[in-house]
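Sharing a structure below in structure tokens format, with a few things to ask.
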Amino acid sequence: MKQFVAVLKNGLSLENPLTVLMIGLCSTLAVSAKFEGSLFMGIAVIFVLVMSNVLISAVRKFTPDEVRIPIFIVIIAAFVTIVDLVLKGYFPSVYSFLGVWIPLIVVNCIVLGRAEAFAYHNGVMLSIADGIGMGLGYTLIIAGLGAFRELFGSGSLVFLGNTLVSFGPAYRGPNILLLFPGAFLLFGFIVAGSRALNRRLTARKEAM
Amino acid sequence: MRDNIYVRLGLPVLLVCIVSAAGLAMTYSFTKGPIEAQAREAEQKSLTACLPEAKTFEKIADASMLAKASTAAGDVTVDGLFRAVDGTGATVGAGLLVGSRGYGGPIRMAVGVDRNGKVVGVTIVSMNETPGLGSKVVDDKTFLPRFKGLASADEARKVDTITGATKSSRGVRKGVEAALAAFTAIGGVEGVSAK
Amino acid sequence: MSEATPAPVKIAPADMPPIAGARQVVAGPHIAGTVSGRRIMLLVVGALAPAALWSVVCLGMPAVIVYAACVLASVGTEFAWNAIARRPHTFMDGSALLTGILLAMCMPPMTPWWICMVGGVVAIALGKMMFGGLGFNLFNPALVGRAVALLSWLGVMGELKPYAGGWLVAVPDVAAVGKFDAISGATRLAVAAADRAAGGAYGFDLAAQYPALLLKNLAGSVGEVSAALLIAGGLFLILIKIVDWRIPLGYIGTVAALSWAVGSDPIFNVLAGGVVLGAFFMATDYVTSPITKKGRLVFGIGCGLFNAVTRFYGPMPETTTFAILFMNGLAPIIDRMFMPRPFGWVKPAKEAKADA
Amino acid sequence: MHVVTQLALLLIGAALVNNILLTRFIALCSFFGISDNMHTAIGMSLAVIFVMMLASTATWIAYYGMLVPLGVGEFLYIPAFILVIAALVQFVEMYLRKYSPALYRAMGIYLPLITTNCAVLAAATEAVKPGFFKMNMAYGFTLGENLIYTLGVAVGYGFALLCFTALRERLDIAPVPNVLKGTPMAFIAAALLSIGYIGLGSLFGL
Amino acid sequence: MAGGTFHGGIHPPDRKAATSGAQIERAPLPERLTVPMSQHLGAPCAPLVAKGDHVLRGQVIGDVDAMISAPVHAPAAGEVTGIVTALTPGGIRSVCVVIAVDAEQDRDAFVPVVPSRAGVDGVARAAGLVGLGGAAFPSAVKLAPSKHTPIDTVILNGCECEPYLTCDHRVMLEAPERVVAGARLIAEAVGAARTVIAVEDNKPDAVESLRAVAGDGVEVLSVRTRYPQGAEKQLIFAVTGRSVPGGKLPATVGCLVHNVQTAAALADAIETGLPLIERVVTVSGAVGRPGNYRVALGTPVSALLALAGGLTPAAARVIAGGPMTAQPLGDLDVPVVKGMSGIVALTAAEAAPIVDADQPCIRCGRCVEACPMLLHPYAIANYADRRMWDGCERFFALDCIECGCCSYVCPTNRPLLQLLRVGKAALMTKGVRR
Amino acid sequence: MDLTLILKAVAALSVLGVISVALLATAAQKFAIEVDPNIEAILDALPGANCGACGNPSCFAAAEAIAAGRAPATTCVAGGKSTAEAIAALLGESCEFIPVVSVRHCGGGTNARHAYEHGGLRSCAAVAKLAGGSIACSAGCFGLGDCVTACPFDAMSLDERGLPVIDLEKCTGCGICVKECPRGSGGLLALVDDQAAVAVRCASRESVKDRRGACSMCCIACRKCEKACPTGAMRMVDGLAVLDPKLCISCFACVEACPQDCIDVTGRAASAPAGTLDGLAGSYAGFSVDESAVAAATAQCAVEAPSAGTGEADA
């Protein structure tokens, strides 16, 4: 259990897929213009990550090394398609915003990366922990980025049609946050920030 | 047999493929209904918004009519022609789903035309315009109403565009022009109501 | 060997004149040229001064506010950054001043002061200091400032009213632009683009715009008031060898050639839309343009190509900012294409053959 | 429009206007991961061009040759495409390693990276399900168009990657503040580079 | 054709007026001479004398059996008072023979050289002749005829492109016949068809005086005044239009370059058997009595400065040679050596400002334009500053001739040349060849 | 439930799956080549710093060389003993690895006389070329830290005396500092046995008179250390004290004996586990030298190798 928690925590800070491992960047930057969309993206990734980690970890003993990639990827693709179909059928507004990015979860470097690096070598329980940890780490950043960009860029935060926060109609935020340079820029700062944080964490760990 | 590489590698892959495909096919059959319902509902909603008088919109599937409409619309795509029917079953006009082109990509919109061939309303179904700029075509509450009452493509062409969102507003305008042209091409209300 | 034979003389320490004080032990060369970095910056400021002053005269208070806000924010940010980072102060080297002035010159006259300030802060902080300060930035700081301000408040900047009225010269420059000016504050370039799109329906006479563009153009950014003064300043810089002629020539030449090719007026297209300011003063920024001569020509041509093509086939006519920033991004790879060949360099293959 | 003009526009649109890296945020992991070395960047660019052309041809054939006739394209295209891509990439890798060691050394080591390169799947998908790239093309591509389009995407990828790598070479020697050193600064540079691409937005109505 | 010039280069103020009119004056002998055993490129000599020995003027006091080396001779008669290790102007520590100069001596008497092998190069070797143009490369090596790389053009380097220096100029004015004689001897030795004496066009009087005695077969060519016109590769290009490939010797393009003073010294050695024990040194700048002095090797720089009226109070920096390439002197008691063409005292105002590498490069491109080797000095310096040696290699650091043009023009005064040297040294220790 | 749809889907994906496998399986057979699996394994065992200290351009190249037998298991100087052992185990060999660390043989810094104040570039390599170097000693340290910046393992720092201090815990003995130091070839920095307990802080080969004129900490060739050393580990070679680490037993008699404070404790101990001063004090006591010297040695050590000090706190 201790290990489970440790693996889970790892994804959140010291091995955060986005800020430390630098994978899964595409969707992070692309869909984070809106909080709602990025949250759903995060959930979708968690779902796919956990499910595929479980399955891959379960079948890892029967997977010939030469064809492991095709097998992993078909498993992942199946879960992604499920997400795709479900969102299309039940959350059309989210679907229309996420659009391309759902199929692209398949090639989201986090998913295949974790399959290769973790699930293929570890048991089911730990793989679940890894999936949740990595997924949460991803979601944390992407949703935070989404909230920031939407709030400060457009002046309000909308979730499923409800305005959560609003700066009022007179607010003229820096629109650039909603455009692609803004995404790169903010993410650069996030990486810098999380690095500084990590450095302090590591230092503390060493001191202990 | 076990040593055959084709079998050793092929079996696991085949198995995964079969299971995945079957699973997906099943999921698809489950979600097919909701997906189509969603799509239909969305269509109806945006059509109703631009032609509130109508209760239902019936899709016109006549290939020759669609072809005529497409030709008349030019660059703009005609994604759907609908017969607008009120509670009594009478044709009150037509709804057109068209796809035009803005600054950031396609702009899909619904145009409602009444019995007299006049635009009743225009709604944007989806677009990818820059927030704060191109999005003015929706945010600027005076823009879409400018098309109300126009009866021909020529009239529509005179609608003023929005400064700073020229390309987007011109895109919307082109969509309306095309919708009107298509409506004329298929023979106006008569054409639409002819079953 | 027939010199006189002096008696052997011994120099006693007491006879020795002073040999003291010489304590500098520094590597050579021991003499240096007289051009200093600061002087270069101030000369560029000087070359800009006539155009800047004239714009203040023509535009009055709003221009003063824009200049003041931009320069203050630029120099202040550089000062603050170094103070916080505990690095030696560099705000006196003139480059922040230059950035401020150039930023002001590419802002519309009615830009609110706070947007100018944000532009200045972004220009220096994001555009320069984060990269390590003078000499290390990859993109033109002033244009980074302007681009960020523009993209952030496109709405605000797009809705600015044109300014009519100055201090010395009372007659506003409206007549030439016609009714368009009154409606939207459109620049001549925008009107020309609309006219082109409408197949010449507005009858906008490009050649008739030359005098206004050269001397007193109020529909445009602060720095665009007088193209003539900018050209004079630019030629001055070329003459005193501060600016390499290749960039302005490549830039302006390409814009003119492409305008001619698409059937528009080349001179009008060069004078309008900040091309002159960009070609002489912004594309030529040492730090963000290629360092090789060939590279500079390619860079200039690239700027012109981008500017003209987007002007004629893009959604908005004013793309000088983007053209230069885009090419800034290409500058290192352009330099890499023209790697040095040392004097006496022999193609390795040939040499091998010769040796064999 | 003349067909050649149309294809040229398709190419420019895919390569520059809708640059996959800087305006569409696709394939970013490799963009940031590999741009710290010019040699690697060149190898990767070539490998991407080659593999993408191959893969999108294969997926196009699989889609129109099998999935559509069977009526399962709607929900099976993701696993089908990715399976084809993965197998193809691995095959090419093995082939090169055997028959062209020089080429393998030049680009072989990047091939595994390409499997998970979003660009390949994205381009393959765009070809059969238009709209993903926000390209104003409202129809599915023919095989020829598909090839041109894919070439554009791949060349656009390589072009941006090489520019960015050269930029980062200069960042290497810049006294960037410590917190920003390395990746954070790379993102900031990418942000500013992408501003340049904004100027190309909607060029030629693409 | 060459057009008498080369790519790049600079025009520093020449500041030669103070000494260009000053006749060469023979410096008195100091009490003590410190004669380094390593005054040349190549193997250092071993002392052949011991403490207490009495030596005669011109007697060999150091030699070594190595191909690239040159023997050292006693510059004056006296007693050896010690063999010590001392600093030389080049900054290296060398074994030195210290000679207490006899109070009474005939300054013109000398022990003539005894060549151990025939030919001009044999005499050059025996006379301890090295290049007097600065590099102090043993002349015998260059003069030895070679079958592999025949020489068709001998160029005498009378450019003296460095500011302040006028010693070559004075030699060309005062002893043109010896220069020409040397030129003939060199051409004969290597079998060259063409002999050119190249003089910068700011010294028309030198051209005149050389032409007056040149006679047939020796061309006196006036070349453009531009630093570094005197640098070997640049001069060869200016005179013949040939480019010496990187890392190759001038002989690959059939050329041989010697300084005019070297030629004059060679003529002396051949005609009278005089070894290289004196040379003309320009003392200029912030000194009381600037001039050109014929100095016995081993004379302390401080004594020479004293002779020249001492340093003025404004003098802030003393350097050994022309201001572009000279080493600074940290210690004024170092001896005059064969390769030293001048002592220049600079005031703080004249001297280049002292800056650290934290002055950024603003990428103005001036250094690229100035570099006569067509390099990218800013890039090499940036990489050297960050200790990224492969960057230095990629930009051909080893092709740099250390002329200093880049540092001279740099508006932010980056220590480019110093960084380049660091980069080159690192590459050489890594074993990188150009 | 639409059975035909399921069948069609299964058929479609299976066909693709089969084609893919066929392709790969054929490739696996036809294109099979012999790759040495060891390369990967060795690469994993290497530190991956690509420091180049071993003479190979990268860790990968080193791995290739080791796998091919062109280089020994001990190739990686930076990885040290553990790496060498791991690689030897992979290759099925045993290995003899003598770990080395870098030690500074100069105690000059503020004790040394400066010949002049140099200007310009603050780099040892540059100053070494300026008029014979900025300090009067011809072997001493300029204190501008070229070695500190060059060390790829962050093991060096400049102290307040203007001398580089080497953290022996971090130093891998890669020798890069020795190569980068302009006076490394003169013995200013040198790789020595990791177990060397003391170091002579002088590398000058000048005459004692010149040395004294140049530095107040120099070795004056008084031979006191030589006499004090019970095992003959400290010997006078050409007028300079030199340690033979193999003979050193960490008694610190030489440290005590040196009138110039020129012999220093490194923080290592010959017979004790590396990095612990406790063990060191024990062997020290065995040679019956008084307590204050231990204290002095400990204090010096704290200056010399801070991390060894913290290591002690840990233990």
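For reference, chains read A, B, C, D, E and F in written order, and residue numbers begin at 1 within each chain.
Note that a contact is a pair of C-beta atoms (placed from the backbone, for glycine too) under 8 Å apart; a residue touches a chain by one contact, two chains touch by 3 or more.
The shown structure was predicted, so the numbers you read here are calculated from the model rather than taken from an experiment.
The chain with its C-alpha centre at the largest distance from the centre of chain D is E. The interface with the greater count of contacting C-beta pairs, when C-E is set against A-B, is C-E. The mean-CA centres of chain B and chain C are about 48 angstrom from one another, to the nearest whole unit. Measuring from the averaged C-alpha position of chain A to that of chain E gives a distance of 68 Å. Centre-to-centre separation of chain E and chain F, using mean CA positions: 42 Å. The distance from the centre of chain B to the centre of chain F, with each centre set as the mean of the Cα atoms, comes to 71 Å.
Residue positions of chain B touching 2 or more other chains, listed in rising order: 9, 13, 16-17, 20-21, 24-25, 27-28, 103, 130, 132-133, 167. For chain A, the set of residues that touch two or more other chains comprises 66-67, 70, 74, 77-78, 81, 85, 175, 179, 181, 185. Residues of chain D in contact with at least two other chains: 72, 75-76, 79, 83, 86-87, 90, 131, 173, 180, 185, 188, 192, 195, 198, 201-202. In this structure, the chains touch in the following pairs: A-B, A-C, A-D, A-F, B-C, B-D, B-F, C-D, C-E, C-F, D-E, D-F, E-F. Residue ranges of chain C in contact with chain A, taken from their complex: 118, 126, 148, 151-156. By the touch criterion given at the top, residues 103, 130, 132-133, 136, 163-164, 166-167 of chain B touch chain C in their complex. Of all residues in chain B, only 17, 20-21, 24-25, 27-28, 77, 99, 101, 103-106, 128, 167 touch chain D in the complex they form. If you check the complex, the residues on chain A that touch chain D are 22-27, 29-30, 69-70, 73-74, 76-78, 80-81, 84-85, 99-100, 103-104, 106-109, 112-113, 179-185, 187-189, 191-192, 195-196.
Listing the residues of chain A that touch chain C in their complex gives 172-177, 179, 181, 185.
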